[in-house]
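The letters A, B, C and D name the chains in turn, as written, and every chain counts its residues from 1.
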């Protein structure tokens, strides 16, 4: 089922970018918890386009309307439904997309799957805008997790070939987590901001786009959560992250780098520290046998460059079944990576609600 | 639920490496299909240790006993249950593992999760041996897929720093798929075998182990399968692959490399070929918006080096909560990557049965 | 997970009777189907209170607003979300229900489960009003089923001790199905209407309420759908029907009566009719071994009398933990059975979408 | 998915009556619990045929072999797999059943669903023998529940038209629960045994069979478990009970009788007793709004007469598509109701593990 996720806390996402509204139903939240709605809105603002100079110029009003599940900011235990109404439900920009699919987009695959009935205006259900309700849901979940001492934060690991400093996977302090989780251009090393913005600007000037990698950490997870095999922590988090449009790779701890390592390098030695079992390195990303080991969870998601670019591209005319050139007009966001950071955090939080 | 996977075709795996038996129940297979049991056994032989000179010396009899679901090799429609009985149910090798966890293994996390009740002899439910019933299940699914023209094959993309030639993701011919899917040391470029075996031998001589990457392709999948968001093809396959012990990363198409690309490079141009829509490149790995686009599916899984090594390692004594050194006796398989190839193929086939 | 149902077609219900809105997300509907919205609204009207003289005087505007999944009445393949906004979100009627639970209602159990955070105004998520989005979802599903020749209709089998004529489970003609499925007081024998209304009126005069039984039939289901054991047709339909508040019993075919029968009476003899296998009787309700046999499905749901009555009742004061008397003011619907008929049909249709 | 049940504790049943073995995999059980295997075997003996003079003469060896999940009778946390091997895997008794379906049996529907590939020898996967592993699974779950003070017991409410005394749903003492849960012919009023056995004997003499009703109670369930709508306690228990072959109706509390009641009769008044909220009657069967209210759960399942009878019956020849007469040779169990009592208890226990 394509738009639902989770067993203990289940989310069901709906909406098309230019329909009447988009939203989410979250089932399984505990009753009686007081939600800080300002903090929720702050998270949604991090994702919204137009808040940062690298973002798309279109401005949305992403204010969620709560239909159920909350009474005076307190969860009632009933499913929590939030809707973001669309003010711009008409769009003339997408005329020939029905028959001429944009390379790298889901236009063609949706055309085949949905018998040409998909609402392509703005990407339909595949639009990046569908991530707004995910951030809403994740923001509520993050507050519930924080109440248990579990914190989630991510940063821009790279844009193009420009890299931030990675997390030190053994020691991640709370102040860094706090700073990242509120930032609209989240970096561990603020010195990386300028070259990253230059990379984005360069792509923009060439009517092109650029991808990146997001690294996420979770602190405060006790040892012993998750399980072997199919609902191991890696599998649950990966399924959540691959639900984000544009994510094409997910790795935990040393990830692909561990494939080139020897066991003697990759194995994380155990030791006792302050009466607690810890590991001296964290190549496993805090997960052994699918189960948390008490160290920070650390993982990365590869985000492909946004397929929407201004350059002329090779495509096909599906009605006449012949080759054609396509130019997609309008201004395009040359890099969604900064705005995808809160989405990765949100999906991680939702996944954790189903693990802890 | 940790040991079940799938919705349409559901598998439930059981067994501990030194219990009475390990096996799998497969629910949802179509009635009336005639299974080629010799081909199933051939797949299981590819995974079994001791068949290839790089493998561990312990020999298992991995012959499955069919308890239900099959009558004279024909599927009856009832759940298919296969059991591999263990002949060696006693093991004196694991004496101090209860209290002194092996680095990189699940000993510690299982100890915490299962209140010290996990059967650690041989790794318990976490043992690599649990992948034998997965290969059984996958081998049956592969035959069902082949009947629809869908073929699955993988190769050793790398061991340590030695690489095979990658798949050409646009043109993958049937003869290559066939050859790989029967090979016990699956390589596209056979010239890579000697340096890879040298790499493994080098690790063995140092009482160490080495990891690798497995690349898998699926041909013959029509466009239009999968869906957006949480059961997109990437998410379903990733969840299946992360169910394999030792997998720490999964990427589709260009994967992490796409994060360093520009959109104009990464977008796969559409064109008409023989009256069919194809793409000129396949950076998306055959998946756009979570839905198949009719091109081959191509993806990679990173396999960490086996944590079992002969060197002295730093660990802890969980009873006395103090640091200690650990030497794990016995002969260890220095590289499971060749034997993990059929497991990746099997889990891919099981995932596809839930997608197509 | 309390508010979702289904695997192939999954519904997720949200809303509290006096929150901002109630609604449903339906995931898994096929793209390209044109929905007859007038017919959907006609079904919702059958359930709405105040349309029939036996119903509660409160009038609702149950017009659904489509947020996503439909474009000019055609399904797009994305999740279909419909919201019914509440105009009356304030309610002063429920002052002491927080601490003095109504007998037969969920006030007390919700109080315990939700740590006293449930929004009791109007029954919260437990309100009968939550069945409005179910009827919406069911009405869409019924149109999809009808396109395959499958028809669902129910009638008031009994109110109190007054009975309608039962379905002839072997021959159910299409005209009867059509008439019942459009009726607001659905009866096979129209002569039963007057004594039933008298029974309801008698209950009303005594400030009391009265229950009933609803019998439902499904025609046009081919043999061979469903399966043995836990997702047998009986189990799936029963789970759907027990999701309707007030249903306390479900039986298929002869049901409880079959328990008093001999096998020779209860077994339905097979015979050939017009080249097709049929049964001469239908005590099994069209289901053998959890699988449809090609005869009409026939089953009944017992609806308890609405717990809301005007009489003085014995209850407890939960704050002071002492006995007390409770009088619930306001006008109460003395019999919800006629309005529950379309809800039973709707849940049956949703269940069938997951079976066929 | 037809042979799996549950979310928190998931069971997967396999086996055909005359295959190599039948069994169950139970995933999600807690590690470290010591199982009383004698008590488990005692439960399995209650279900096994031939232990009681009303039962079928065929004797089975229903001794389960534990393949995994248990070490010296202690649960390891890995999936628990138990197999009952079949000693009699050949059967010549079922020759013409492939083409001449027994009325009331699943022969015909399985023939359609499974393309004539179902292993009909002994009823295939539909056989009553498949309930043996359910009793195994339930017996383990009952011990886990008992450790929390939750007890499950059922009795023969009726056979044909002979009734036992029903449970007093408000006061059910532990000694009665204990006695019933160990009895092979479970009755509250032992005086009902003789007329019930006479009823069974009368059916046998007429080469016929007879059905009955089983009433089940659960004590010790605290208030607040379950939830509204689709996973309400009624829905989960009903789905479990309808998974038992031959169950055609399920009702909770007053059930169908409540449909003829007035609200003032049916509503259970609350009162304080020993500082606790209780109800004076228990027409709701311990469940309000799908959530437990702290009173005993009480419900009934209707069991149809076994379709296997010795009389001549009307059937069809599926190959020639013509009417025919059918006589099924062999000795038939004229009443499975006594042996179905432990199956109802087992499925209830499994359902409760998913609710509590």
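Everything below uses one rule, namely that contacts are C-beta pairs under 8 Å (C-beta built on N, C-alpha and C of every residue); 3 or more make two chains touch, one makes a residue touch a chain.
Predicted model, so just to flag it, every value in this text is computed and none were measured.
Common neighbours of subunit A and subunit D, listed by label, are B, C. For the pairs A-C and A-B, the count of C-beta pairs in contact is higher at A-B.
Note on chain placement: the centre of subunit A and the centre of subunit B lie 27 Å apart, centres being C-alpha means.
Inter-chain spacing, taken between the CA centroids of subunit A and subunit C, is 39 Å. In subunit D, 1-4, 7, 13, 78, 110, 113, 125, 228 are the positions where the chain touches two or more neighbouring chains simultaneously. On subunit B, the positions that touch subunit D within their shared complex are 1-4, 7-8, 10, 12-16, 19-23, 25, 27-28, 31-32, 65-69, 71, 74-81, 83, 110, 113-119, 124-125. Contact residues on subunit D toward subunit C in their complex (touch as defined above): 1-5, 7, 13, 101, 103-106, 108-110, 112-113, 125-126, 130, 158, 160-161, 203, 206, 208-213, 223-232, 234-236, 238-240, 242-243, 245, 247-256, 258-272, 275, 277, 279-280, 283-285, 287-294, 300, 302-309, 311, 313-316, 318, 321-323.
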